[in-house]
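By letter and in written order, the chains are A, B, C and D; residue numbering begins at 1 in each of them.
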């Protein structure tokens, strides 16, 4: 985790304090369930809740762990210091460390997913607002980085909206994938604990009981979770790449926010760098790099080996923290980015009228000109525009052969922008609903 | 694609013949829709269907492509050879090559997903059958490769069932992700074609219209698709690893099918190698390696660049073919694998009774022995078993101090296997339903 | 392997014919060595060479393999059909299949490396030629896609040259990594074969004996090999990205080769797409995707498991074929690409003179103006250029306060391009030598 | 970076203190060079060295950065607080932030490489010691997890030695790859600074001048560096996997160190888990996951974009710290691991004598028995051993048909272990030298 690429709410999920709080809740709820089942005395179960509002002392737990060499035992020892040794003696009965660790990890991932879901919702709101704002802002569409046909800036925002809306669905699925808990013992047989304890604890923590676990919760769930995050990261890269292109000096159709002319702003307005979206491009790589190790974690030996653990200690916090930060940064960039509609028109007219050449070619053939001849007509006029930056429409109007095939009105009509924007409403309805 | 790791049905999806057949359907349905809209004459739309049962001549199309340098034009030219030049003249009107290519690719991926779904269903049936068969077959559960507590072979099959059942759901989601088509023109604005053409074609092909496309269908869908396949691959590795462990000489609790003593079988029964599951381990790596490039494909420049195409020409067929083969191979392995219950008992008793040591330790402390003393009692007896392979229960019964804390019945009771299997029914009900 | 992204020489390395030819050589040389050692009769060793010029019949070998279920035995059986059963009876004596398979695989990788090395050498020649040609062609340098300071097109080619020259060294190292052979038996102990057989065979095949093998050659070698290819692929992406940027409509400083105005060329000169370099971007992803599975192949169980094999059947041919094709394609692109120096100057002057603003700022402070004041002076003039595209130098000359700090000569001098190119010779000498 | 998987020396390389110290040296040496060239006054260059022994105040620099929003400027401001504003006014003249940042990053990577090299050397020493110790310790070699032929434990250590020795060479190469510095200005043209400054600074820092840089040092170097680390990580996984296999309950040929029977040791000697090597397996995945993003970092836009930076802020420290920790942990595991030669013999005799069946088969055919008959003879006796765990040699001696083909001496001779170990010396000489 790199502090400068993190936000406190997500970081807090991964703090020792949060972890111990979740451990406490698992243990306390488990005691309740055991008391309900008559396995342990009710008063012992109740006594555990004395620590309900205690802030566990991480340093003290570390101190105990240095002796016991076992994190869960260290915590339980510390818990007993609050609850009383005798009262606490049934805590954790019949349970395995993994029951606590794995269930806690999933609680943390669920909470992380909730933040990420909120992040995407905020991003969607920003994208929608900008889409509406620039629904009709004309801009040249580009394939292969080359001018193709007109489109609108609003459609660009709208497609990012649609993509992020799919990511929202993926995150919901990922959250559900991971929202399970297991309290099933050393090899998952519930030998020493009743399955109803698992059911009770899971219900209290907002989880489903893992239908079948071993010592651990199966790691295909986590692989699917991190894969979903990797897709979200890739979409961030997609949007970031568009903005980086928009901001490059020759294009300048949009830019990350900056204010010109103010005191304190840079002396060089042309040297405003899209550093936030470049940074997002890198962060996307960091999010994505968790996917393969998460998948390598699936094949554990028999009822568990611990190879997954060090991987998860890293990617659990790092990937969720990075993605949270990236989503928030992207939302801010989208919300404030500068859009330069005039430059969009200038760019579209770099070779005046040439973006319409395909349409003219089609019109000529539809008017009965052979494909070869139509090609020749378009080509000779296009070349003039290409070489001398004259106006394509004017060249056509000055070309006798063209004018024989098409009337002036027909030629002019081919340069009507409305032709390209007539279905924007339809698309917006598809994306944003009525 | 490696022929030896492929099956014909999936290979057929990726043949040029299939591709051209899908292209034909897209074009023919598009003509119908355009005729419905009055954009082209009905008779021309109908004429296209003359090629309905034609087997397109791939060599001939290649020949034309060598001249035209364009695959879609080559196909259209060949189509016109069947339909008649004049009748075919409205085919593809207002469309872009990508409208055909991308929609076709998704049709292929949907069909591939359907096969993979059927593959997983077959695998589930095999896993369920073996789970039921060995529901009560005792086996030692292992954490860290080390004996922990008893479990059953059926639970192992059951957890693979549950994992693959989750993969089934993931494949259904992946299939839905990819089941879209787009016929929206050069930059996705429907400038030259009515959105209702897209709707009609998609409906006929079993797809949804892509709500908003550019020149291409957005690639986050494909990233999510291949990520799902990567998770399935990882689960295959998980199951394969278990079987490889079972078959190793020292364990020998199960094996890929072989018949001993028959003529033609190997002279050396002990040298039966788990080559199929080792192969599956490698195939899992191949499936997984598509995930990152599929994610790198998401960030295309503006309305499209073609960097994704070469990647997809590879991973489209290779990954689906490999995964299909791997799932089928695994189903066969599971269905026929040999299970050696006697060896399972032998292994469990390698250090006779020692798997129960934890339970004895617990019983001693519950009987009021201090933790330190209980430890010492278990330890001294466990060490005898460890060093001399004597029987742990007998050592305990011969230990006066132990016998002071626990009665003979209590000691014997700790070695009851039923203690560990009492919840197998519950777990099976969770996994397989009532 | 995708036929359209392959070249015959590299494909040939991976044909069954080549494989059997190499198998033959391994077996024949091994017989020679065994005859030298007196282990087998000389005449039998000599007899094997009767098959020296035989074209092995792949279909026939496949036919035998269908019966024997073993590729090496099938080959040996076929070999005996040429050599004579009796004469061939010592062939392969004391050897394991892996001795043949692994040594053959490394021979293939070495040959593949040789082609890749030649590919990079050809690319270097093209890069050097273009670097020399455009050594002094002025172009704006860009950081973050934003104009920074002038540089030259030749420096761009020179840095790609330097990068590919490092890749050449990496490929040589990778080739050496993989140039080993092993004929050491079932677990690498030479139990049934003398180490001198290995030495002889390796010498004849241009390999070093693997110092210590198990049943197989250790796979860290292959991991390092494919990692090196992944780096080369990444450099291809780097160069391809630069060209794609150069060709985009707004930049148009260079382009993949096309000829305008010729018959048969496109009607639309502005719609020339950088499809080759976009394709190279995708191919780079394909090359790179082999790296992780090659690394996952390293950890084989004990003296070998066969999980690596399916991976290598794929990445062995696919990755080398793809990289060979990509290097050749890139060499062709570089060799023929169009460079538009006039557009480079136009771009540099998009905001006339503004690329020199940093230098002016520096000059003002060096002339004793306070940093704040210098900032303000530059800023107000830069803003005029930014907003009205006037000439920065002229704005400065018209700014009284600036003219108080700097003389006309000093101002003009700041716009001298020679300032930026004065060390091009030095850099070229570093890169290309004297 | 996960504190529990880190060691202080490597962590220190990545501290802000170290970074600022290196920045200082770069700036101070650059001033010296500029003074030598007469570009700045000698006394100003000398004045900078006043800060030679200063501990820079990280909090203070952060404070300044909060205002200036620029890390290098913040540092320079703080430096001036030590050196004096006036004296420091030439510091950084003509330089770009990247000159400092990139050169510093490479210094850090070089230092990290030096530690990793020392780590591997320590590991090699441990492996060699254990190899010598167990040179003749018999152990069954396994292919596919199945008993094949005898080998020795020493050969296992020796092959890990050979593999790590190759990694040592790879790390040296990786170190050389990264040991460059660049002080070449905003686009690498040395417009504002003499190339001799770069040369001087690099010499002082133990680097070579980057022959051609842009604003940054080319990232193919870093890709190659992290790829090398990924290979080392994969080798760690390889060794860790072997030990995990050795320790599993059924195999028990070796184990991570533990002491039995001592006070404080676990009550259950059979439950000693190979948690260190399992952890190493996970750490290997973490090391490996840096490879792809490092390769994705290569393709920067034009003279630089900053997408690589966030990636490197993560993988720079995390990957080197993790690998350092993993190598040290592995060295400790190897050095202290328990080896159980008796269990090795027990395992080899699980099916008594059956590991020699291949050799007997060979002997029978060499004695003139047809392959079919020889097969049948071996098979029927092997089956008895397989089913009843009788002794293969005794079964053969009791088989009349076998005894007709081979004498008692010949049969007995086939069970001589010396046959399998006769070349151990040769192999050790290859690996360890004379």
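Throughout what follows, contacts are C-beta pairs under 8 Å (C-beta built on N, C-alpha and C of every residue); 3 or more make two chains touch, one makes a residue touch a chain.
Composition by chain, UniProt nomenclature: A, B, C, D = Adenylosuccinate lyase.
Not measured: the values here are computed from a predicted model.
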Chains touching subunit A and subunit D alike, please list them. B, C
Chains adjacent to subunit B and to subunit D under the stated definition are A, C
Quick one: compare the interface residues of subunit C with those of subunit D and tell me same or different, with half as the dividing line. same
When I count C-beta pairs in contact, which pair ends up with more: B-C or A-C? A-C
Chain centres from averaged Cα atoms put subunit C and subunit D apart, in whole Å, by 25
Let me have the rounded angstrom distance from the C-alpha centre of subunit A over to the C-alpha centre of subunit C, please. 33
Using the touch definition from the top, which residues of subunit D touch two or more other chains? 142-145, 148, 244-245, 273, 275, 278, 281, 288, 292, 296, 301, 305-306, 358
Sort out for me which residues of subunit D touch subunit A in the complex. 2, 4-5, 244, 273, 275, 278-279, 281-283, 285-286, 288-290, 292-293, 296-297, 301, 305-311, 313-314, 318
Touch list for subunit B against partner subunit A, complex: 141-145, 148-151, 155, 158-159, 162-163, 166-167, 170, 173, 177, 185-192, 195, 209, 211-215, 218-221, 223-224, 227-228, 230-231, 233-235, 237-238, 240-242, 245, 284, 288, 291-292, 295-296, 298-306, 358-359, 362, 419-424, 426-427, 430-431
Could you please specify the touching residues of subunit D with respect to subunit B in the complex? 140, 142-148, 244-245, 247-251, 260-261, 265-275, 278, 292, 296, 347, 350-351, 354, 357-358, 361, 374-376, 378-379, 382-383, 385-386
